[in-house]
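Heads up, the next two complexes both have chain A, just with different partners, chain B and then chain C.
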Partner chain A sequence: MAASTYSPSQGTERRQRQQQMRRLSIQSDWDRSDGRSFIQCRPAFLRTGAANAASGSAYAEFGTTKVIVSVFGPRESKKAMMYSDNGRLNCNVTFTTFATSLRGQGSDNKEYSAMLHKALEGAVILETFPKTTVDVFALVLESGGSDLPVIISCASLALADAGIMMYDLVSSVSVSCIGKNILIDPTNEEEVCQDGSLVLACMPARNEVTQLTLTGEWSLPKINEQAMELCMDACLKLAGIMRSCLKESANLSN
Partner chain B sequence: MVGLSEGEKQFLRGGIEQDLRSDGRTRLQFRSVSVETGVIPQANGSARVRLGATEVIASIKAELGKPSLLHPDKGKVSIFVDCSPTAAAIYGGKGGEELSMELSVALERCLLGGKSGAGAAIDLSSLVLVEGKVCWDLYIDALVISSDGNLLDSLAAAIKAALTNTGLPKVNVVLGASPEEQPEVDVSDEEFLQFDTSTVPAIVTLTKVGKHYIVDATSEEESQMNSAVSVSVNRNGQICGLTKRGGAGLDPSVILDMVSVAKHVSQQFISVLDSEIAAAEASDE
Partner chain C sequence: MTQSGQMETTTIGGGEGATGMAAQMEVEAFRRLFPLPFYDRHLSKSVRPDARTLDSARETTISLGPVASADGSALVKIGETTMLAAIKLEVMTPSTESPDEGSIAVEFYMPPICSPMVRPGRPAEVAPVISQQLSDVIMSSRMVNLKELCLISGKASWIAYLDVYCLNADGSLFDAALLSAVAAFTHLQIPLVSVNEEGRVFTVSGEQQEKTKLELVNKEKRKLSIGNTPFPVTCVIHKEHILVDPTAEEEAVMETSITIVLDTLGNLVSIYKPGGVGLASTATIKECISRTKRRMQDLKIILEEAVSVMEVD
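Our next item is the complex of A and B:
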């Protein structure tokens, strides 16, 4: 008997699912596919020391989004670069070819490197490593939604693991707006049919936002009361989880 | 741009604190904007915008293409910004690549709205001719000729003007005998369809220098900035996109304050821009 083969759904099935989600979005309360409520983030799994060759590294798994970040440095800047009193931060985000359901789709997100740089720039104390460069390489192993916030949080954990001086850990979450509802930490399915999104990266202890990006139509009170406060609160809790992860690895090495 | 001396930096910052900038403007005043449409005859739509010494050209070309498998009922729009070396020597070769990408992504975010298409300035489903088979591919290409600060706002204004100037040719579609066959398309040379650009937003960039925000910064003022927030607002006062640019962290209450200031300033800017575009279109005919 011939075994049934698996092929990823395209076209009609996916459209049907999207149409169903659109119909649900008009209601105010519905179950998300993984059973979470609207204001619940996915459980976070964080580990430092994932890559041996790097000065510092971290692995983060938020549901189906898996990211590994390695930090090299501070190391000598290229000779072509000018002398600088401040250190340089160089960020690079790459997607593996198998990260997305369609092969090679990750290369659409070339702007993530610049956005990661902006999010971390405000937190790293560049004056502590003049003339040198710190390289941050992020590799997305599986893209399951809300990629950039996971990359930012994992990168700041890797920087802490490498011993780079920072003002505070940077944690980041994103919210999706579907109809009138705001969902935190969206998965891929939810992101595809979103009407708007807000990605926020902040340093919770300093109460400072290092990166904020809004897409779609928003009204001012919606941005403030619903989305931003929700995000800041989630970032605070995520930073607490990141800190306990760092403490654990410090205890283990002792 | 030659570097600024300490004295010049103090002058800039002090002036901003006293609500009097180097060129005599107040903090929330735009430079004079001038718009010319129809500058590129081969393109479906084009415009050239001058905001002080910043000069940009936007051109829109429409080509027939196939809609993507994921969204068979939507056309495609792609925005590409090119920073030409005539604006600054470092933009030659690969130097301007990072800036170009940042500007392209910010513009795409403001004009195309959420992934489901809600809040988009250009209604993608209006670009489809035969669902799943034929659609319009809009290529929006912008070129920065001269840069004196505030590139994002001028680019958004140029794209808005170019869209107003765009005429999509009318297409007669003859469906094939069976559903699998490619339909035949006949592109007319005579009749054109215009875009409705009343929902296209304008972008206002607020630059924070010291404790105050300024609108429409020149490149000297931009070199002194701590951080900046670019807000895209449409005529109804809805926020269509927001990007925080620049390094330093900002308190959330400061960001919200900047957003409401941007909303207030943008209404005036949009009306000035609309009247300039209308004047340019009228003089074109």
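Our next item is the complex of A and C:
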């Protein structure tokens, strides 16, 4: 279409968002839109084996954020022409055009692809598949906030489903700072009015952090004690849920 | 002869078409190395490797409304082939030749998750072909009356962006894609809108409507009336056999496929036979059409069930 089109909900959304931001910056305590407390994550729904064409796959649903990840490999790749003792990990994150409330382009999200690669690279044992490549493809079906942590957790579940050797499962959560409050696992509306954000990906059983990204303005004096400890604790619980999901699917296939 | 559908490591005696090497071999290896003789043996007994008969299709499920952020959406599974279709409505100025008609923009995507053949830099060859096919069939079957997509004649009308994503590719891609597009249109709910002074259209939520008594442009028209729905069936032709609803393996081994689209009144909407080694006589095409008629009845029932489930919610 040569002529430009617009979505009728653009104007109303912007007004609502401005109203909410004004309200939240004044208040010190409020109810979250889905009834959670500040330190409560959304209920997680995880399933492996969503796509049978791939070596391993996983589907994750955290509230309205829906992500599907497929893992192919280890397989040969045209890029790895030189012999190398270590395998390669190739990550790609795409959003569907209907993932966001305003229709998007549907192209690859290079930033998330690079961050996913960094988060998983420390956990995958690359020496076990020399000269070959493991491809991790993520497709975000619906983006409801806290997208990157869901993508990372779902990707490590898919890698486990494909049988790629890893040191430990990688689970990830994010935390938003609004005024003086910390909210864990923010939704889209909360992310829009946040002052700062912290995305943490870690291997809970080894108590090691694979990726930590801190952005924005934090008005808290001690970020480490409050925000990071909260994240590590949530990651531990999420890894427990991921493990039980893998056990369930292993039992089903037997 | 091993039982179809079971993965047993039984030896197969060498048959016609297979060399002496195949005399003692496992089933899976035989399937990879000599796919055509593997299928010939199955077809001579009128059965397929997944234990289906030649004219039975795989289990089909339709679920409406999986994507909450879209105005209409549907998820369709035919066997392992999974398609997700979603419609997003945006406002556009209609063209001068047809000032009281909206339009539909169809796009078919095959993201890298759906098949090992697709890579991020190397898109699937078949994706734009199916995209064009979908567009042609939806327009020519007149399933959607474009005049219903008009808001204000000459000034504003809806454009429906229909995006179909293949989540898992295992044969019969066009069938699943068209079915999901039809189901998404059935599920489509047009939002309530009103117009401001500058002529810009904006959405109105239920409570706002009572509070401000805004003039609603399309109060009555919330759902599209779907005309004759088109239903597709893909078959592959191999020598004198016709296989309905092929898997990806069957499509690759037997390269001749033919897709027939019929609508609910029994009219022929489209016949598509993209070349291929096998030649289809008129008798073969008539046979395919009668298979399509039978399958259409099953698909109609499945679609109606999905719609009634949604309405109960």
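Keep in mind that, in the parts below, the second predicted complex is superposed on the first by the 223 of 254 C-alpha atoms of A that agree within 3 Å, B and C clash if a C-alpha of one lies under 4 Å from a C-alpha of the other, contacts with A are read in each partner's own complex, and residues count from 1 in each chain.
Rule of thumb we're sticking to: a contact is a pair of C-beta atoms (placed from the backbone, for glycine too) under 8 Å apart; a residue touches a chain by one contact, two chains touch by 3 or more.
A quick note: this is a predicted structure, and the numbers were derived from the prediction, not measured.
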{"item": "First, second, both or neither for A:I39, with chain B first and chain C second", "value": "neither"}
{"item": "Touching partner for A:D135 - first (chain B), second (chain C), both, neither", "value": "second"}
{"item": "Touching partner for A:S57 - first (chain B), second (chain C), both, neither", "value": "second"}
{"item": "Touched partner set for A:L236, first chain B, second chain C, both or neither", "value": "neither"}
{"item": "Contacts of A:L246 with chain B and chain C, given as first, second, both or neither", "value": "neither"}
{"item": "Partner chain in contact with A:M166 - chain B first, chain C second, else both or neither", "value": "neither"}
{"item": "Partner chain(s) touched by A:F98 [first = chain B, second = chain C, both, neither]", "value": "second"}
{"item": "Chain B and chain C contact sites that coincide on chain A, given as residue numbers", "value": "10-11"}
{"item": "Chain A-facing residues of chain B, complex", "value": "69-70, 72, 98, 101-102, 105, 109, 113-116, 118-119, 229, 234, 238-252, 255-256, 259-260, 263"}
{"item": "Residues of chain C touching chain A in the complex", "value": "66-70, 73, 80, 82, 84, 86, 88-93, 103, 105, 107, 109, 111-116, 119-120, 159, 161, 163, 165, 167-170, 191, 193, 200-205, 248"}
{"item": "Residue ranges of chain A touching chain C (in the complex, touch as defined)", "value": "1, 3, 5-12, 50-54, 57, 64, 66, 68-70, 72, 75, 92, 94, 96-101, 103, 106, 108, 135, 137-139, 141-143"}
{"item": "Touching residues (chain side chain A, partner chain B) in the complex", "value": "10-11, 14-15, 22, 110-111, 114, 118, 121-123, 177-178, 191-197, 202-203, 206-220, 223-224, 228, 232"}
